[in-house]
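Before anything else, here's the structure in question.
Letters A, B, C and D mark the chains as written, and numbering starts fresh at 1 in each.
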Amino acid sequence: MAKSKYEYVKQFEKDDSLIPNTWLVIRLDGHGFHKFSDRHQFEKPNDHRALDLMNKCAEAVMIEIHDIILAYGQSDEYSFILKKESNLFNRRSAKIVSTIVSLFTSNYVFHWKTYFPDKELQYPPSFDGRAVQYPSNNNLRDYLSWRQADCHINNLYNTCFWALVHSGKTENEAENALRGTISSDKNELLHSSFDINYNNLPEMYRKGSVLIRKEANLMTLNQKGVEVIRKKKVVTTSHVDIIHDKFWKENPELNVSV
Amino acid sequence: MAKSKYEYVKQFEKDDSLIPNTWLVIRLDGHGFHKFSDRHQFEKPNDHRALDLMNKCAEAVMIEIHDIILAYGQSDEYSFILKKESNLFNRRSAKIVSTIVSLFTSNYVFHWKTYFPDKELQYPPSFDGRAVQYPSNNNLRDYLSWRQADCHINNLYNTCFWALVHSGKTENEAENALRGTISSDKNELLHSSFDINYNNLPEMYRKGSVLIRKEANLMTLNQKGVEVIRKKKVVTTSHVDIIHDKFWKENPELNVSV
Amino acid sequence: MAKSKYEYVKQFEKDDSLIPNTWLVIRLDGHGFHKFSDRHQFEKPNDHRALDLMNKCAEAVMIEIHDIILAYGQSDEYSFILKKESNLFNRRSAKIVSTIVSLFTSNYVFHWKTYFPDKELQYPPSFDGRAVQYPSNNNLRDYLSWRQADCHINNLYNTCFWALVHSGKTENEAENALRGTISSDKNELLHSSFDINYNNLPEMYRKGSVLIRKEANLMTLNQKGVEVIRKKKVVTTSHVDIIHDKFWKENPELNVSV
Amino acid sequence: MAKSKYEYVKQFEKDDSLIPNTWLVIRLDGHGFHKFSDRHQFEKPNDHRALDLMNKCAEAVMIEIHDIILAYGQSDEYSFILKKESNLFNRRSAKIVSTIVSLFTSNYVFHWKTYFPDKELQYPPSFDGRAVQYPSNNNLRDYLSWRQADCHINNLYNTCFWALVHSGKTENEAENALRGTISSDKNELLHSSFDINYNNLPEMYRKGSVLIRKEANLMTLNQKGVEVIRKKKVVTTSHVDIIHDKFWKENPELNVSV
């Protein structure tokens, strides 16, 4: 069979491996999730089940890809941090990005019915992804701060917007009411008009979700059938500040000291 | 909010756009599909339902991404050909690859139950992808010939291998029996030992699947309720030779003349 | 010696090879040549000796690098076209660009005294370079047309500008006089104010320089001392239109038919 | 003029900018310097004038390109280190590499006659270059250690090789005599056969050349004609160990602490 005659076409594949010793960030974003959330009547401004499902998918990705040390998610996006030393797929960019996006997507459809037992999935959703390299711990910290600051800004805005809409305004009127306001204006609006203390809203909405691996005590039976405690790293989810130093000091095993 | 302070991190994202005026091939591959096919007891050497599901996913990708002019699939891989002039996502490589892989994966899980109504999906499968640029029509034709030749070689081998195994040999014995054989040996083995004429096996197994857009007559009702025929491009699947010129002459609208 | 301990640093070198089967264009530009031409009192708008020196350097590059099929130069820039099939330095971009730029620069300084025997080189000039891939013959033709059209536009402008300046205007006045004019205005200005017929100016100024390899008859002595004619490819320089088809039809061995 | 019609070809130029916040190393190598040193009868194993000329060129590059903090040279190669924060040419790889290679080459030809007053330059030499990114100070230190270790290994070998050749051996015999020897063997050979104490050889041969910027006291005249001392950063050349910490501790302004 004239296989060899065609094999030269493999030479057109370029090496897209990322340089060693940089933090790799893989960020994925929902594709057309405005429409997707409408079609599935997600609650506004935040749908708890939809966010839980996102977190479940991120956890599944972390369980599969051991080199991910931290994942951060908000809204319809998720960032996965691969450790500097990672040699996953020889650091080939397309392979890393496509595998993580595929795993995430697959889990999203697979686990949908668990999080939305009363709501049929109307059509298959999709995500896109990209890889970014960060040379220093400071750069990585600033990347994560950027995403968490973005989460806060968007959530404060959306909380106001949907409070106005739910109170009877049109979407246009709500938009106009918020134009030019700063954070303190929005906090005040929530407080005075809707009796909402923004800081009492669920932390998942205000801070997003942070997944890391922590050592946990697992109860198992040994060979003699006696209960024993075994230490194991498990993926844990929390909704904490990752902009300030506290989180990083409490989790020194992440090796992101600055 | 100190958003701007962090936004410099966007500068670390590199432009990965592919050059204009080249054929773009996005090939995706099943990740760990040996295990996946075992766990779901796929029939060997070919599981008709699994291949139909792959084709369904490819069709869904083509319906979503209009710039794909042809898709070719075999086993657990699929190649999508974007036309030279495509400006999809400004030809950004990671965005194109991740979106196509995500759409494919999403459809795979979404449509699983249609193709395997009696078999629960055990865990979420995943695929990886890559993008390759081909400057000339000849290069593109050779790429597709490479994949279809690969399909033939693998399928002939697998047909022999599983015939031997189903006849009682161990996998090791089957492997040894086939070592060093050429195509004619394998055809003869199938014929003499198993009364199989390889060329009579289903074309989907021997040639893979080719998806293109063809004009079709669609029957619809007009505003007065009268049946009318409307022409529309629809994605069609066939299992034909794409190595020789015949296919390309019959489908001049693909613009791959050499 | 602990050599191996450090050798891991080679992994940080990325493969920057260009894809096969594309035309490679290496364009180099003079760095700070406005100052350089001032310091060496180049004649304005065109200094014949400076252009001849550029052409000499380009010829030297072509004699050294056999895969270059054509070079086009104007002002302080030069473009070198490597044939599609070239495997020079395994098509590694930085290696190709740096080598060509280095050869060109080296020849520039080396041959300076031949072209400017009465003018000492004041300081070492430098050039920068870049590589661009063009998939089709049309793209390559359009690239060269772009540069030659640019040559014409700049030269027409500069001819007017320096005619005005040489006639006593300041550079500012000349600039203002030309603002908003189109080609026909400039031709008219040259004709009416300076009695210059633009089309009679040297072709090297108006069209730039085109270097290709042509077969020539070389007179040599054979072993018996008899004069014989041997055919050999030599680099030839002309100043012809390369925008229209004529040039390409007359030089079919370039393989740039469209 | 149909300029715009062709300008689309600029889209084929890809952004090749390097990521921010990494050390950039530009290494250039002599092209065909074995032949070049033969043709110019360089002294073996080291020609002091040739190395001095290389150092002069590196100094000229550093004077021109302010973001280079250190240069290291040995034999016919030179490495230039751009500081992490450098935004030279927007960190575009081809532009940086080609400019540095061009400047170096230009100076080589320009200054040749100063270093070889009695030897005509026979033909224009050339160099090639590449850019490599190093994320951490450790990586950069290891890169430089790699080059200096290489210098030592090659110089020890070459010193032995040429001592043998100068003593009457053929090049083949010298090669065979050295095959399989380790450093201590070579040191012993030099000592016992040629009465050479390797460690007494010039440091430039054994360690290469290190160029950095140091503050110096420059004597100048002020407006009143009185001599005053002004501090200025000047490029200094030395031949010191850069593998161990001493050098880096003595030059903290380089900011390469580990």
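Everything that follows uses one rule, which is that contacts are C-beta pairs under 8 Å (C-beta built on N, C-alpha and C of every residue); 3 or more make two chains touch, one makes a residue touch a chain.
Please read these numbers as outputs of a predicted model, since none were measured by experiment.
Between the contact lists of chain A and chain B, the overlap consists of C, D. Over half of the residue numbers at the chain B-chain D interface are used by both copies of the sequence.
For the pairs B-C and C-D, the larger set of C-beta contacts lies at C-D. Averaging Cα atoms per chain gives one point for each, and the point farthest from that of chain A is the centre of C.
The mean-CA centres of chain B and chain C are about 47 angstrom from one another, to the nearest whole unit. Separating the CA-averaged centres of chain B and chain D is a span of 52 Å.
For the pair chain C and chain D, the distance between mean C-alpha positions equals 30 Å.
Residues of chain A in contact with at least two other chains: 8, 12, 14, 19-21, 133, 139. By the touch criterion stated above, chain C contacts chain B in their complex at residues 19-22, 84, 133, 135-136, 139. The touching residues of chain A, counted against chain C in their complex, run 8, 11-12, 14-15, 17, 19-21.
On chain C, the positions that touch chain D within their shared complex are 1-3, 5-10, 12-14, 16, 28, 31, 60, 89, 93-95, 97-99, 101-111, 121, 123-134, 139, 142-143, 145-146, 149-150, 152-153, 183.
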